[in-house]
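Letters are used for the chains, namely A, B, C and D, taken in the order the chains are written, and counting of residues starts over at 1 for each.
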């Protein structure tokens, strides 16, 4: 394994690792949970699109428009392959945030007699683990429709407590929207049972795959979920591109979210009818270069092999958790071993505020994230003001963990704790 | 003038013009109305962001996050300068389509007692010139709220007919949303009087500046509008970035459209409060590289000088309209001279369908757009199935017009009309 | 010139003199199809009797390719059984997705083979298919009645 | 080390021993400010009498910079007239936006000058300003009452 998968070799594909950081240090990038770095092939793919094929897709009879369309639709096919989805089920948005809002608004826009309509007294189920992006859109939908927002609580390790599943998912439940992996604690949510319960009451299941799709193999057919969202920028791809995947039979009966050009079937001054998916959900000239860039990122991941990526991260997380266990005054928040958890490690150092920890690590070229990680309710539940979070990806290796651990020691010395 | 402003020199800054088109021809790109080409400096700026500063903005204590934030906020300042706006008034969206939908949804989400709320019987005013992106979102808002959608008709030349302004803009009117320049006919809408009438009844004015902001100087303070939208990709910028500008006193009282990370003030499981603009409207990790790329595009335009750009396009349009006047069986749709019109020329050739015209032009390396141009109601009103549209920008010159005119001759010969 | 592979003489002929382009007031199914990206629209009537296509008639606006293709399709379908007609539509669809690598079977598609060149121009495939898809839709509706 | 310009001894002292960090139950204005990007929160009470700041007290959570800065600010404001206090806040804001180019006037800002180094770390400026902005808000509210 080790010999096949070489983060040191991988780093050579990422121009940013040539950069010199504060204090003359090399970049130890442990913030891929926020956004990943990009390999050269992604930057080249975007540039190539602009330099050779740039035109508005689906809108012109000319050669560039043909080429742009085929690049853009080719990117869609790559993403469909990545998720084991049908091509027309893959919708390009600007981000997971947009994808999740799009689903919530589609519910909100549904006519009263539709499968998607939400009435007063209906239920929307989330969990205490959610990122704001998979919480606030549902809060707002509940407010707009009079539905009730309820949630799965978490246990002491930060795992979802399923004991009340039958009280949460009832005949009144219309949507269950859950994260696949916590961006704060790394816990992977065992969704099988929840998906089953959701479908048993005729509700729909939305998966926030922001922290899973970039890190392990996702097969939408096997998962059995109804909608899924993730962001390209966390998966080696460009900024400004996200994925909304939905089952085709659902998509073609949903109200669109953004309206405008290219998503219509017919338009008069007073009325419009909609094209089928994916166009139905892609109003306007799309983020073409970003779709092409994301496809290049997916090809890069596919070449590494998603199973290898997952194995590498699991091993590295195990290594890091062992190191953490030996540190005095440092407390890992969330699962303490690498079982059913991803490569995100949140921790606190007694007596040093996370923001100050991050500042000291920065001095050693180490980039981590600090704060509530857009999961403020989770922080409140855990009784924390924030954590310091290290998150790993394909370009990280044990030397990065070692740098982190020794810089934590320096931080403790600096703040005399 | 001619000597100062050299499209042939400008083309050297755009890598795509090195491409060989069908039939071995050079690229004559006359489709900037759909999307513009990108200068090298824009591609370099995006790449530079990824290679040196990539990190999630506003979210980390580390050096890359600091640099990314300063690049991103620096881009906002460049855009603010371009529009003569306050920095906090500039919101990055993914496109004009998103910007326009965002405004419409913000109205729709407003609580009943707010300035923005729309009730049954209220009025929304548009025009027959609108692109679908500035029509359908308002149709949908009208449907959702029970408001009435009314519109300015156009006259024979495709100019807005103001004679019924007092019947359209009344005490019941809440929003007036108009295009600044028609993407089909090139007509520039004289908005001064309409803005005045809008404000006289206490309504708000939304300007679709997609076809104006890239082509002539926009000063939001002078225009006196309340909201403005345009897309980066039509202004030499990357795909996947748009601008929503709004008056700060309005923005800070509007309901956000997309909810999620980074746009909040505080969050609990059941409730959230909002940050001030611009963050309030930028949920999630934003399209950072695209914002930086757009700023580079704006710098490129500023270096040319927007007044020079406008003068160049006006002259070139005048030249082209003169050539068109000499063609038999070719009919320009819209204003026949270059007064109060932009550099978009729609035409029809008797006996040849626009799609076929486009196909023949493509054979000569000429890229035009054909069809209804996402303004289907306008086409119906004009009694047309579509037009062929040539649109000019900074890299076009008289040689491009000459190529177009002679290829039109070839098309007529080919189809024996 | 590359263009000639798209605009065969036969096509230009059908375009100038479209067949069956006048809606027959009696029909067993009527459909209306549009091509939203370019605004082409077509109304097409089909009469089926005893599993056989008795008449096809249509009206609409569109480019030379869509008009000629609809003209060719209507002419070809009349007199065929539902089954044969649908197989013919399938053969044509396959030709359209051949990226210029097939010439089409003239015994099956007759004048339709003149449209083979369209398959090299991705943006025009929808134009060529409009009438055929409308026919298929109408024929299936007639069959189901 | 660059870090030392951020974390001066004075700051670490104030962090470990924050001044006036216990809410005074009587006040003329109370405010609650948050720093949404990092989750820092502060509640701050001000008592004004005859245009003079009688007491400042606070409670809250945050990093060393925000805690120390609030401690410094509270200590500094007590006894000042509203006008002088607001001028002091302005002087501090200006120091924070100086990008490391100013050292601050010790006569005006006293211990506050120890925070000058923060201005080189854009992400920390908000931390340093939290308490000062809360004070300004509360003082203006008290003044208006």
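Definition applied: a residue touches a chain if its C-beta (ideal position, glycine included) is under 8 Å from a C-beta of that chain, and two chains touch if they have at least 3 such contacts.
Everything numeric in this text was worked out from a predicted model, so none of it was measured.
**Q** Going by average Cα coordinates, which chain is farthest removed from chain B?
**A** Of all chains, D has its centre farthest from that of chain B.
**Q** Which of the two pairs, B-C or B-D, is linked by more C-beta contacts?
**A** The greater number of contacts lies at B-C.
**Q** Where the CA atoms of chain B average out and where those of chain C average out, how many Å apart are those spots?
**A** Centre separation, chain B to chain C: 38 Å.
**Q** Averaged over CA atoms, how far is the centre of chain C from the centre of chain D? Could you give it in whole Å?
**A** 77
**Q** Please tell me the distance, in whole Å, between the geometric centres of chain A and chain B computed from their C-alpha atoms.
**A** That gives a centre separation of 31 Å.
**Q** Report, in whole Å, the distance between the mean C-alpha point of chain B and the mean C-alpha point of chain D.
**A** 45
**Q** When you check chain C against every other chain, which residues touch at least two of them?
**A** Within chain C, residues 37, 121, 124 contact more than one other chain.
**Q** Which chain A residues reach two or more other chains?
**A** In chain A, 22, 59-61, 65, 262, 264, 266, 355, 359, 370-371, 376 touch at least two other chains.
**Q** How about chain A: which of its residues touch chain D in the complex?
**A** So the residues of chain A in touch with chain D come to 22-23, 352-356, 359-360, 363, 370-372, 376, 379, 385-386, 414-415.
**Q** Where on chain D does chain A make contact in their complex?
**A** So the residues of chain D in touch with chain A come to 1-3, 6-7, 12, 37-41, 61-65, 67, 121, 124, 127.
**Q** Where on chain D does chain B make contact in their complex?
**A** The contact residues of chain D facing chain B are 34, 36-37, 121-124.
**Q** List the residues on chain B that touch chain D in their complex, please.
**A** Of all residues in chain B, those touching chain D are 58-61, 65-66, 69-70, 262, 264-266, 275.
**Q** Quick one: which bits of chain A touch chain B in the complex? Just the residue numbers, please.
**A** Contact set of chain A toward chain B: 15-16, 19, 21-22, 27, 29, 31, 34-35, 37-38, 43, 46-47, 50-52, 54-56, 59-65, 94-98, 100-101, 105, 109, 128, 131-133, 135-137, 139-140, 144, 149, 151, 231, 233, 238-241, 257-262, 264, 266-272, 283-290, 355, 358-359, 361-362, 366-371, 374, 376-377, 380.
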